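Some structures to go through are shown next.
Two complexes are shown next, each including chain A; its partner changes from chain B in the first to chain C in the second.
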Partner chain A sequence: MTDQPDPLRIDFHLLDRQIVDAAGEPVGKVDDVELTLNPATGRLQVTALLSGQQVLGERIGGRLGGLLAGIARRLHPVEHPPPLRIDLTHVASIGSAVTLTVHRDALPTPPLERWLGDQFIGKIPGAGHAGQ
Partner chain B sequence: MKRVFAVTLGILTAIGGFVDIGDLVANSETGARFGMRLAVVVVIGVIGICVYAEMCGRVAAISGRPVFDLVRERLGPKAALANLTGSYLVTLLTLAAEIGGVALAIQLASSVSYLLWVPVAAFAIWVALWRVKFETLERVFGLVGLALVVFVIALIQLQPDWAALAGDATQLSPPDGEDWGTYGFYAVSLFAAAMTPYEVFFFSSGGVEEGWTAKDLLTSRMNVFVGFPLGGVLSLAIMGCAAVVYQPLGVQVDTLAQTALPVGIALGKIGLVVVILGFFAATFGAALETGLSSGYTVAQYFGWQWGKRVAPRQATRFHTVVIISVLLGVALLLTTIDPIQLTEYSLVFSAVVLPLTYLPILVVANDRAYLDDKVNGPLANTLGIIYLVIIVVVAVAAIPLMILTGVGQ
Partner chain C sequence: MRASDLIGRPARRPDGTVFGRIADVLADREPDGTWTVYAVLVSNSQRLRLFGYERPEITGPWIIARLASALQGPLDEIPIADIGLPNVI
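Up next, the complex of A and B:
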């Protein structure tokens, strides 16, 4: 990673920030982070960003979070969907948004986005063109 | 010409935000009941929206982050979700009221009941949101909305006693026959109408849609300082027309036709044609703004792709939210609820959710990680804090005043 605040605070600089791809298009929010114990130093390290309504719901917790996670699960074709996991090595910079080194096409399309594209929005005439 | 078109976002935001169905009615209602005694609230509201729209225009231009990104980042997911719920519902109520306003404007021209026009108007609004380029919408409805300048001409043509109007405007108390409760209630409504949250959602997201960068700071400021004061002048003219025509007669205003009538008296049929065109453009523009804003808030909270720069196929969740919102608005109107009452309620609830939107803007406008050396200066911060205090007072007072006065009756 090239450009990031020092010291990097997970709660202040990472959580709830917008993730954008190399072209600046929105990918998702940093809804949670993956922490891994570094055996060499014995300290926890951020190794990946997690994104998706279900992890968000789980992070919020309580009845409200449960509701959000529940809705996300319902809208999902798979029983226990994994969140979108973005390895920290794909992060180019952390500023007012978290910018990735890759293009959003290289990441899996969120299932709800894809389903709506196939079954609803994509079937309306003109869905494939930006405005005239 | 480019310079002229550069301010159309501000004009559309102002025409839609200031002079939408709510203001058309609220301004002529207050004009008829209070004369110009609440004019000062419009002025305070214009300054307030200028202060905050300038901040979020600056944040959008420098960091590319629209308002609801900031709300989520600074309030955290829980409080932001509460804000999202409140803001979305208020925006939805406003969207329904605007669709009703478009239908009422067509009813004025066609004499066919507005209820029959609601589905037609909603479909036209959706097609515009689906197909038409952002800049085109902005230019067409921003410029046609300028037809409302006819209220200024009408006011001059009515040859009012200007000194009396100005004297009235300096009286900060209710006139005979009105009490402090209703005066306060209408003050809250007018203030909320000026600072409705969807205006900043729309303005900042619009800036991002247009791809503003640091170079466009001047454009952003021109939009703010031309557009909103223009909206304020139109609001005051509407209030003035109602004050001159209705207040001496003791007539209460509760339909859109009554809002238009002073123009008819002053300028005849041509005036009426222009004013109905203005109503149509203003409410249609506001319906586009609120329709987009409903999608903007949800998509920006969850981090989805949003906006009209990309094909709908690329932002399916955003477009689904927009479609559902328009349909819910239609359903609400087809219960035959009065669109004008709907607007009055939406203004009160707007007032309640205002602080949760404006606080994060003020905080981020001071953050160097977003704005580098373009953070708030002392003037923006002083005004920002003064207005935050006003916003909190208005938010706290809104519901008790609504109950106390029976929605201003």
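Up next, the complex of A and C:
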């Protein structure tokens, strides 16, 4: 990363921030952050950003969180869908938004966005010719 | 393990006693570019979302900083080694 706060405060600097790709296109929000115990050092490392409605629901907890996570599971073709995981090595900078070094096409499509595309957007006449 | 397994959860000493709630997790950048968690911010306040005025580089406007401090209450920076981590790793 070329531009980042030091120290990094996970809640203040990362959670709920917009994620944008290298071209400035929105990718999602930082709904949670993955921490991994390094077996060599025995210390916790910040390893990835997690994004998606199910991750957000699990973070919020309670009835509302359960509802969010349940809807996300329902919309996804896989029973236990993995979250959108963005390795921290793909983060270029952390500011008012988190900017990635990669384009959003290289990342999996969030389940809600895919479902909306399949059920509604894709059925609009001319939706397949968006580039024209 | 996720950050949400720590943030907002009771801060426990390794012996299990609770001494506040975890308001934020602090990480330092290592020379190899990785980020290592070194401490947590612990608060006794019910309001756990921080305003940002607790950061030493933020000095004003003083009246908002005072208000934020009054609402937030004191924060303690506790080394991560002194925290009993949840059994989710």
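Methods note: the second predicted complex is superposed on the first by the 122 of 132 C-alpha atoms of A that agree within 3 Å, B and C clash if a C-alpha of one lies under 4 Å from a C-alpha of the other, contacts with A are read in each partner's own complex, and residues count from 1 in each chain.
Basically, a residue touches a chain if its C-beta (ideal position, glycine included) is under 8 Å from a C-beta of that chain, and two chains touch if they have at least 3 such contacts.
If you're wondering where the values come from, they're calculated on a predicted model, not measured in any experiment.
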Which of chain B and chain C A:Gly95 touches, first, second, both or neither: first
Chain B versus chain C as contact partner of A:Arg43, first or second or both or neither: second
Chain B versus chain C as contact partner of A:Leu35, first or second or both or neither: second
Touched partner set for A:Gln4, first chain B, second chain C, both or neither: second
Contacts of A:Leu116 with chain B and chain C, given as first, second, both or neither: first
First, second, both or neither for A:Val27, with chain B first and chain C second: first
Touched partner set for A:Glu58, first chain B, second chain C, both or neither: second
Chain B or chain C, by number of chain A residues touched: B
Common interface positions of chain A, toward chain B and toward chain C: 59
Footprint of chain C on chain A - complex, ascending: 1, 4, 6-12, 14-15, 32-38, 41, 43-46, 50, 58-59, 88-89
List of chain C residues in touch with chain A within their complex: 1-7, 23-29, 33-38, 41, 49-50, 52, 55, 80, 85, 89
Chain A - residues contacting chain B, complex: 5, 16-19, 24-29, 31, 51, 53, 56, 59-60, 64, 68, 95-97, 110, 112-114, 116-117, 120-122, 124, 126-132
Partner chain A, residues of chain B touching it in the complex: 63-65, 69, 72-73, 76-78, 80-81, 130-134, 136, 299, 302-306, 308-313, 316-317, 319-320, 369-370
